[in-house]
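Below is one structure, written out as structure tokens; comments come after it.
When the chains are written out, they are named A, B, C and D in that same order, and each has its own residue count from 1.
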């Protein structure tokens, strides 16, 4: 019997008081694709970062191909033949592809030689693995899919035998993801070992040979893919049965709440981010906006939420709202009945160093019930906060804790409570379940549907196609600042939406990956 | 204004631009590596003091230079310790270093020399003397370019030429060597450098070290090249002007040369003309003297366009919270 | 998950940092051949050993309260205002113009107008860097430093020109009229029969206390303060909440500049009673150290300002009594900034892991 | 015990303050007496320093420079028992002695020497802080230069407008270089510590320079043509001595050419530079000034200068 490519024994790691990995054992056989799943914060990235020498474990041993190996830093991991593609790419944005690839793997003190050699080798590699990139392109001009290729090439350039990919598909369209999986299959055939972290149960079922499940810093199970099911995996992850589908009644759309016509946004680099968006959201319906990140969805939310100026026309309940000028800020939007659960709760939705009660008033701090005379009525805010925290089951139910002390799911609950309890006519929701585990997802989805059932309009933006498909009453697909088409969830499928997300509208025809890539690359230059 | 005047002003610009240039390149290394440094001023000041003091004691400007550089490096390491190892606020550390330099130099000057806050006047080997470039005399007769070479360019002290040569050298190091590639990378995305198995800490410390050395040269030039001894606060805001030049230059070596020469030129002009007659109105003396500062603001406000600093600049690299 | 108990954060760490700064200062004193303990006792006696000492200590403290609050409020909006020096200079100009404008009958009438003048001019000087930061992204640290230089050029221009007393040599204005002199602590305390040395401590101290209370109310009780603090924590979040970055940057810097400008009430109207060129005494910079020491909280600023006032007064005595130059104070100040501001992590992180270990051993926080 | 407050720039500025310090030292050497001394740290601490001196019981308290005037005006009445002496400015208080110098007269003499020594017919002046007092120097200098040679060009520059201008030798050097490039071959520095840089540059560039306040001839022998000495030392010495004798006169004391309050330094360091012709010329001018036949224009009387524009 061959030695496992990787064997981890008793790995533990703490960040301050957070015990991210607890006594973890893991075996991965060579020439296999091994999946790791688990809720957010379960410790997957931490474990892999330890393997890659990015973090140092507090305890435990690492065996590579049967030999006990000390991995003091990433250089040691690279020497041991390990390559890693991080969840957040580790690329230097204003360097060329070539420069990124040689960084840290230079030969000699002068660059000319290293770059020349890398250029030839890169050409060979990209042909061998169908990973075509322009070596002289700047990273900031490449789309995420391309950037991921650079990361993979970086690992292969360093002769990685074991390749770790941390949530590689979150940023890809379905066809790009398929292409990636074909490449992984190729690597596997060559005898290389792949570790794949993902949240998407369907994907993991398709490509992996074995799967490990992590929960709360512990390794709870390792199973053969052939012997398991998505339902079982979900249960292993969360520790209880979960509904993977949202349970909702058909929508009963009423009159138009938000009427958007020809919305245009030009950013500070003079790039047109929204190129004439028109859409309507009605009472009692959820309009889902699908698209690859960076195609204008964020700008759409920001414009409607009053965080960015635009041209065009937006009417709320028939009344036009100001899109440029002094009356176009988020405060006036709220006064007009627009609630907003922002995409990035850490940087937008919450002030992490404020107490929970202070965050409950955030954005509504001018509301009369939170003020008495010229000063803020902190007592009233705290009472309201306590009520909301109780109703939304935020844990721990302590309004004096700072927002940063809550876990991701509970932070999101605070934001949702704040925005939903105001019963806005139009609710803008961006990535409501990003970084939220399956248990909390269920709760948040229920709340959004409940709001819809009250007859409110909801505009949902998410990069998770599953979420869009299951929550929306109507789906619009955005690509390059435009709406490529609208579909009803019941009348479409992932393949069709995926093509629309890549900017291809004749969805009846078969399309090559190259064609999709060419289309996406067109937008990439503008995506930050 | 005659051509001879222009040559004289250029000559003076080079002299006055040199400390700015050295400090600006110092800042360039540090900030390219992601460590912001508003303590250039302080490092120049300690270097100016120690080089003059040690030169006065030993009678050798070279030993003085070494002492100045060493002092500047010590201060640079304090900044490194605060901003790299202890992940402190880089601005605050820089402010502290400027104060520390302002106080320490006076304190030590008083203790060593009891001449108020100054060192004895330097003369002979305790100062840098000017060197003539080859053929300076022979070429001085050539029209236009001759005087430019023999009067403006030639006849400065060695440190002026070191500063001028440091520009192409910096360009080469930054864009043609492994060290430069890594340095630029660590200022943009330390995570990329770290995962490539290169120590972020070591890279940043080396950048801060180079910064210290160059600031040391700048300070030594002030007190042993430009002047003949140290006086209290003799840097007079040059460190901040160098910083403005760095932003103006968008963190690039050749642009830094031009920015510093521009500021040198402004100083040369304000030295030469106490008021400036612009035809429509006359700028009074107080504002001619403030011209470099005013121009700095104007440049920062309008002309640089968007100067994008190294992306990871100013932020300590935190791997584990 | 609070990493440290509050008392450690607000009291223990600053005290340790201060102690470290003083220990290093002691070494410096020893290095220049003086007895650090003697120096310390001279300083302490000089600063708080007599009503004369107290008078000067609190006089300096008053300056530092104003500039410290100025830096502190800007810190809350994550703006690093190094321009206190220039803003105070301009504030001095404002106060002087008001005081010289009319033959004021009584200080009670002059004071409100002087406050207005100082605040307005100080704020105006902060407005340009603020606008450039908010609109053009020009780094406020550099622009405010430049504005310090420009302020002193402007003041010089005025003091050697139109504001100078004709025939006088010194670049300074005429003396303020009698009715624009603030009563000193000696005058005030004499009314209730307490003898006090002749020092420049004056009613501006009370104005400073009111300002400290006002800043506290503003920051933690008003919507504006809420917005300032939120903006300081996260600009995108502020925009999300309908807080205009331009507005907050401008307002915060205007308040900050106004507070710095108010320093002139104490220094110019209270002591110098005429506008001189170097009227700020570096207090704009000391404000940075004061705000850092005081953790940007008005109460902390108050305490730190008194500490620095004592340091200044003690330093002056040190120069009289020993051969330690007054620049020693600058060194101490630098070390305080260094230890409390920049090397904070040196103390904080070991303490954090100490408390984290204690916490984990008692409660055992899981990963989730 | 008398007290001396050394002004900004420090007691070893080789110029104004140093002269005062030397006067105090001479008094100590000659009488064996003791005195209190402190150095001013900043403009805004004048008042505290003065009060502190008075509180310590120093009598008289000698302060140096015009910048002290308004502070003294305020402090003196609070200490009626203490006598004060101020140099360079008149303070009208019953317990103050004001010592003023006729700098324009001394400057006139060195101006004449400069013009006579100049081969390029261009002489220059580097002032410290741009204040009337320094313009008084410059104006007297220009008057003298023009008197000796009506065709002479006088270039005048001020180092700055802040007290930092007393202490910026680098700028002093640059100003000198620029003046040299404009043809100047004799430069008069009336700039405190900045003058050190002026004299240094003049020596480096091999032109002549003229020192100020103290006798600075020794700094660069063979390069310093002469120094316009201002006997601040005498003023301090006299004040200390008078106080010791108990007969310090308050009121204005004028120290002019006649009372040897100002003058031209002649010693072994500049003997080779000064021609007999120069000596004769300045002797003649000195006599005329003393007799009142020649009145040198004093800039501060009307804030203007007939022979120099600023």
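One rule holds for everything that comes next: a residue touches a chain if its C-beta (ideal position, glycine included) is under 8 Å from a C-beta of that chain, and two chains touch if they have at least 3 such contacts.
Predicted model, so just to flag it, every value in this text is computed and none were measured.
Q: Considering only chains that satisfy the touch condition with chain B, which of them also satisfy it with chain D?
A: Of all the chains present, those in contact with both chain B and chain D are C.
Q: Would you mind naming the chains that touch chain A and likewise touch chain D?
A: Touching chain A as well as chain D, we find B, C.
Q: Compared with chain A, which chain's mean CA position is the farthest off?
A: D
Q: Distance between chain B and chain C based on Cα centroids, please, to the nearest Å.
A: 30
Q: I'd like the Å distance between the centres of chain C and chain D, where a centre is the mean of that chain's Cα atoms.
A: That pair's centroid distance is 38 Å.
Q: Using CA atom averages as chain centres, what separation in Å is found between chain A and chain C?
A: About 46 Å separates the centre of chain A from that of chain C.
Q: So which bits of chain B are touching at least two other chains?
A: 117, 286, 289, 306 - these are the residues of chain B that touch more than one other chain.
Q: Quick one: which residues in chain C touch 2 or more of the other chains?
A: Only 153, 156-157, 160, 325, 327 qualify.
Q: Mind pulling the chain A residues that touch 2 or more other chains?
A: 16
Q: Any two chains that touch count here, so list every such pair.
A: Applying the touch rule to all chain pairs gives A-B, A-C, B-C, B-D, C-D.
Q: Which residues of chain C touch chain D once you look at their complex with the stated criterion?
A: Residue positions touching the partner: 52, 56, 152-153, 156-157, 160, 166-172, 175, 198, 200, 267, 271-274, 276-282, 316, 319-320, 325-327.
Q: Give the list of chain B residues in touch with chain C in this complex.
A: Of all residues in chain B, those touching chain C are 38, 78, 81-83, 86-93, 95-100, 102-104, 106-108, 110-111, 117, 237, 240, 243-244, 247, 284, 286-287, 289-290, 293-294, 296-297, 300-302, 306.
Q: Quick check on the complex: what are the chain B residues that touch chain D?
A: Touching chain D: residues 4-5, 8-9, 11-12, 15-16, 114-118, 121, 222, 226-229, 231-234, 236, 267-268, 271-272, 274, 285-286, 289 of chain B.
Q: Taking the complex as given, what residues does chain C use to touch chain B?
A: For this pair, the touching residues of chain C are 28, 31-33, 80, 82, 128-129, 132, 136-139, 141-143, 145-147, 149-150, 153-154, 156-157, 160-161, 285, 288, 292, 323-325, 327-335, 337-338, 341-346, 349.
Q: Where on chain C is chain A touching in the complex?
A: 1-3, 217, 221-223, 226-227, 229-230, 233-234, 236-237, 239-244, 352-353, 356, 359-360, 364-368
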